[in-house]
Amino acid sequence: MNKFVIAAISLLGFGTLASANELKETNISLETAKEIASEGVKACTAKGYNVSVAVVDRAGILRAFERSDLAGSHTVDAARAKAFTSASSRVPTGMMAENVQKKPGAAQMVSIPGFLVLAGGVPIKIGDETIGAVGIGGAPGGNLDEACALEALDKVKEKLK
Amino acid sequence: MNKFVIAAISLLGFGTLASANELKETNISLETAKEIASEGVKACTAKGYNVSVAVVDRAGILRAFERSDLAGSHTVDAARAKAFTSASSRVPTGMMAENVQKKPGAAQMVSIPGFLVLAGGVPIKIGDETIGAVGIGGAPGGNLDEACALEALDKVKEKLK
Amino acid sequence: MNKFVIAAISLLGFGTLASANELKETNISLETAKEIASEGVKACTAKGYNVSVAVVDRAGILRAFERSDLAGSHTVDAARAKAFTSASSRVPTGMMAENVQKKPGAAQMVSIPGFLVLAGGVPIKIGDETIGAVGIGGAPGGNLDEACALEALDKVKEKLK
Amino acid sequence: MNKFVIAAISLLGFGTLASANELKETNISLETAKEIASEGVKACTAKGYNVSVAVVDRAGILRAFERSDLAGSHTVDAARAKAFTSASSRVPTGMMAENVQKKPGAAQMVSIPGFLVLAGGVPIKIGDETIGAVGIGGAPGGNLDEACALEALDKVKEKLK
Amino acid sequence: MNKFVIAAISLLGFGTLASANELKETNISLETAKEIASEGVKACTAKGYNVSVAVVDRAGILRAFERSDLAGSHTVDAARAKAFTSASSRVPTGMMAENVQKKPGAAQMVSIPGFLVLAGGVPIKIGDETIGAVGIGGAPGGNLDEACALEALDKVKEKLK
Amino acid sequence: MNKFVIAAISLLGFGTLASANELKETNISLETAKEIASEGVKACTAKGYNVSVAVVDRAGILRAFERSDLAGSHTVDAARAKAFTSASSRVPTGMMAENVQKKPGAAQMVSIPGFLVLAGGVPIKIGDETIGAVGIGGAPGGNLDEACALEALDKVKEKLK
Amino acid sequence: MNKFVIAAISLLGFGTLASANELKETNISLETAKEIASEGVKACTAKGYNVSVAVVDRAGILRAFERSDLAGSHTVDAARAKAFTSASSRVPTGMMAENVQKKPGAAQMVSIPGFLVLAGGVPIKIGDETIGAVGIGGAPGGNLDEACALEALDKVKEKLK
Amino acid sequence: MNKFVIAAISLLGFGTLASANELKETNISLETAKEIASEGVKACTAKGYNVSVAVVDRAGILRAFERSDLAGSHTVDAARAKAFTSASSRVPTGMMAENVQKKPGAAQMVSIPGFLVLAGGVPIKIGDETIGAVGIGGAPGGNLDEACALEALDKVKEKLK
């Protein structure tokens, strides 16, 4: 980097901007994400299911993750992909899976890069704003994964009231 | 989705949470990102360089992009990767490239998935908060890409004051 | 590079060819691509849809891109893939999606690398020549994405007359 | 699946084997992995570093993960890759990075699929047996990531005595 | 690596942990895996099928592999993916393929990264514990691949009694 | 490489083996592959279809390739994947596509890595031995691609008699 | 696709635009590309080198390809990547390789997605306009690959005068 | 597939060709490949190294594979990549690694897709013809992997005389 560039950068503070027009967003904290992940594992373990639970932030990036002692290798990516799908689309993956079956024209939604349209992903919202999502994989059916995800969210809801 | 699940979801509003603990973040708007992209192309075109300019949000996801009429195919991914690298590490990629050369122990930073440690990526900040980054590729040297990026940020700075 | 090679290169001008037989093609300019991207976002925003709009050139390489403030992460790749699919096949992706449903033998067209056979991609043509394509993702249905794409093309059409 | 197959499967219990010759292995539990991940984030946060901490099992598969509130997107894969590298090679990635610099013949060890040879990955051992690894990414130097990893392991060591 | 780090590492023995809480697992040995691979090729060859046979460990990582003289290139990855799918899900891939057809909501299980839901993968178990899996590809039908896998497991079962 | 190794290598001639047991195979020559590729383009051009034609060797590795002046970008990978699929499975991809539709249990054959189960790939055989395959993509239907492939093979057949 | 959409599409002719502002480009024809590929193989064969020769169009998309009878599997992708690199950057890859060695700040140009910065790729130009590139791989040194590429271009030059 | 196509295919026997011009090649058998893999594991185990051994055919496709009981997950791909590199380039990877260090212009040979330029891969030859390669990974140095590979080849050599 030559001296002009260094000078320019230091003047800009790496490009500082005034801000009124930029977006104000709420994003899930690690603290809350950890609770959801732990409660998700707990809910599924209580029913005898070995699962992975992934919690992603509003952009779909992993924030917290747990894989129970007996959950298979594939559950890591399955849980993460369900969470990404749900955070980015802002609806539960189970609802998307139903749409895909009903509307033939929507079938290839399943091919969008990074998507896994299988029940078990649920968005995490504050009011109308999606701040992240939880994805669970490993139970013997996606609807069972989803039930654990909803229980986990319910636990956190009480705590935060 | 069975009825219990639908009921549970509607109670939760897909998992609505109370919020005090979650993160308040500022993120770059499309409006500002578009201006930076256009100014970046303009700055490089004025010097005779054919470039791509990518602007990503704070999570590194593409927000706006322009490729000038004569910029090669590879500049699309190069610009996007420089912007991702800079948004996620919060320093200019040119500064990272210098570190990689000086510190042998840091050499493999270049292998982090998604990274391109080549000058031309600059974070976009409001005060200390990184709200996105711009990445430029296609000029005959990374330092020249970076100069265009800094000019583009400077243009937007004046406008927003 | 040894001296012979350098000499050979300078004689050839890096391999200059006489030209009568080569192809004369029309390709979309950045200027037009930017207008289409902006009009696409505008058309969908007016209907309350948060979308990404990608405009690719005749070879399917990204030329311009915009993601609206609330469009999810997955819309980046979805929009880009729809535009690639449409530029390369030269038909709207919605029409391809219908064919895939009707002709079982064509089902695996959806597996062609880079393809996303979901409505929302529309070729940009001058007469019979495809010079690029626009792809939109993020509306609650591919047909809605496609409608925005057509509105955007219509806006540009008037302007260019 | 025809009837013969079903019968054969039920006879075999999906292929039950007698066992004396198979391997007895120790693998990290979710409980311990979670503690290490939390202590890793805590150790780095105390020094002002925003990091991701990944804990993988003995096969290199993710077991637990945490990303602190301000850690960038790239730290997810960086932490995970460091942990994989260390679990599979059974040495700290910082030690590998030194070897790569000293021995030119070993340079391409950095290209082994899945490897990230950058300090911050440390194997988790019981006696001589590697039962997993921790990987940290996001501090301003790999040696600083490694220091947090060692602190985290030290915390867990006391607890388990 | 500075001296403090080296000292810390040597104190920890790269992070040695006390162990009562960690998992005790049984994993398939190379010896057994080789027998299963050889018997799988033999069983299919006897019927005139040219196949690949992959045996993976409990985490789904390849342990032993054989491709018969006339088996095509694609059978390498097909056999490996079937084995991974079966080791991680702990059921035969043929059974999974039936479920996918019967339960529309489960259809996208086929999109889980690394999965190939086609008959021919069978878990290898000791009692209830899955210690690996065998996957076969190349016979003119997945059910035929599966039959060879079951024969191979049956051969090994006798031997080990 | 130390001296012992160099000596060992020179003794072995990099590992020379006596040979009676190894396989004698016939593989397609570049000369024949080029003719098939050219005839494939010619056959489709005569019907007004813009296509890519890929010819692979018996292992599925590309030997010759042509893309006509107006064939889209996606036809490169489509043609190559059809040829790979056909060379490795040793049947026409059109026949595979029919099987996939008829046998639900075979549906996921389409997910085998590298496969594209869409008509247009045809094996090239000498007697019963598959020595390569041709794949064509770009015509308005896979059956039309396949017809061009068969015409091309027919042309070469006469020539070689 | 509903009726409104079909109507809109037919009005637009899939989005027909007036054209004065769009780009007029020259692109390499299949005919010329084939000659260059054949001459490249011939030039290298005459010197005893077994090579692959890839010719790409101005966007870097494969137009013609030949692999000589004894050229290894890796030469397919090596030749194609050299041609892409040269078409997109518009300079010979040998010249880029020299720059990368001389300018430490440019080192990571080698990590740009799709790039292979190894001699053997040469742009094909008409005057100043790059209309494609040739890439050769398989000779015992990149400079030897490049020499064959230059010979091939020289052959075509005479023919076209 | 319509009737004309089926008729055409049956006439051609899926495209049967007369053969005088096609290539006669020798390829490694599964039988020999298995012996080399077993001897490779044995040689390294005798020295206390836990390794994977991959044997590929002349096209670089996996033929036989063994991973010893304690070899890490990364050794699977490392061994396979070394074998591919050596089969396709027809020289030992250790020799390639030395060239890469000596000739700066050859440095990026390491970036050729599929290559791993680290000692431990050795071609398997009959006279001058490469019929496959062995690759070993997991010993504490590539030169040690290579020594095991050479021992394995030496064992097979005696046996085949």
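In this document, chain identifiers A, B, C, D, E, F, G and H correspond to the written order of the chains, with residue numbering beginning at 1 in each.
Basically, a contact is a pair of C-beta atoms (placed from the backbone, for glycine too) under 8 Å apart; a residue touches a chain by one contact, two chains touch by 3 or more.
What you see is a predicted model, and the numbers here were worked out from it, not measured in a lab.
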| item | value |
| --- | --- |
| F-H or F-G - the one linked by more C-beta pairs in contact | F-H |
| Duplicate of the A-B contact set - from G-H, B-G or F-H, the pair where over half of the pairs recur | F-H |
| Chain B on chain G, rotation in degrees - Cα superposition, rounded to nearest 5 | 90 |
| Distance between the centres, which are taken as Cα means, of chain D and chain C, whole angstrom | 42 |
| Distance between chain centroids, defined by C-alpha means - chain A, chain D (Å) | 22 |
| Sites on chain B at which at least two other chains make contact | 23, 29, 59-61, 69, 73, 90, 94, 98, 105, 115, 119, 143 |
| Those chain pairs that satisfy the touch definition | A-B, A-C, A-D, A-E, B-C, B-D, B-G, C-F, C-G, D-E, D-H, E-F, E-H, F-G, F-H, G-H |
| Residue numbers on chain G that touch chain F, as the complex places them | 29-30, 34, 38, 41, 59, 61-69, 73, 76 |
| Contacting residues of chain G [partner chain H, same complex] | 69, 72-75, 77-78, 81, 94, 97-98, 100-101, 110, 115-119, 137, 141-143 |
| Residues of chain D defined as touching chain H within the complex | 23, 59-60, 84-85, 87-90, 103-109, 111-115 |
| Partner chain H, residues of chain F touching it in the complex | 1-2, 4-5, 8-9, 12-29, 31-32, 57, 59-61, 90-92, 94-95, 98, 119, 122-127, 131, 134, 143, 146-147, 149-150, 153-154, 156-157, 160-161 |
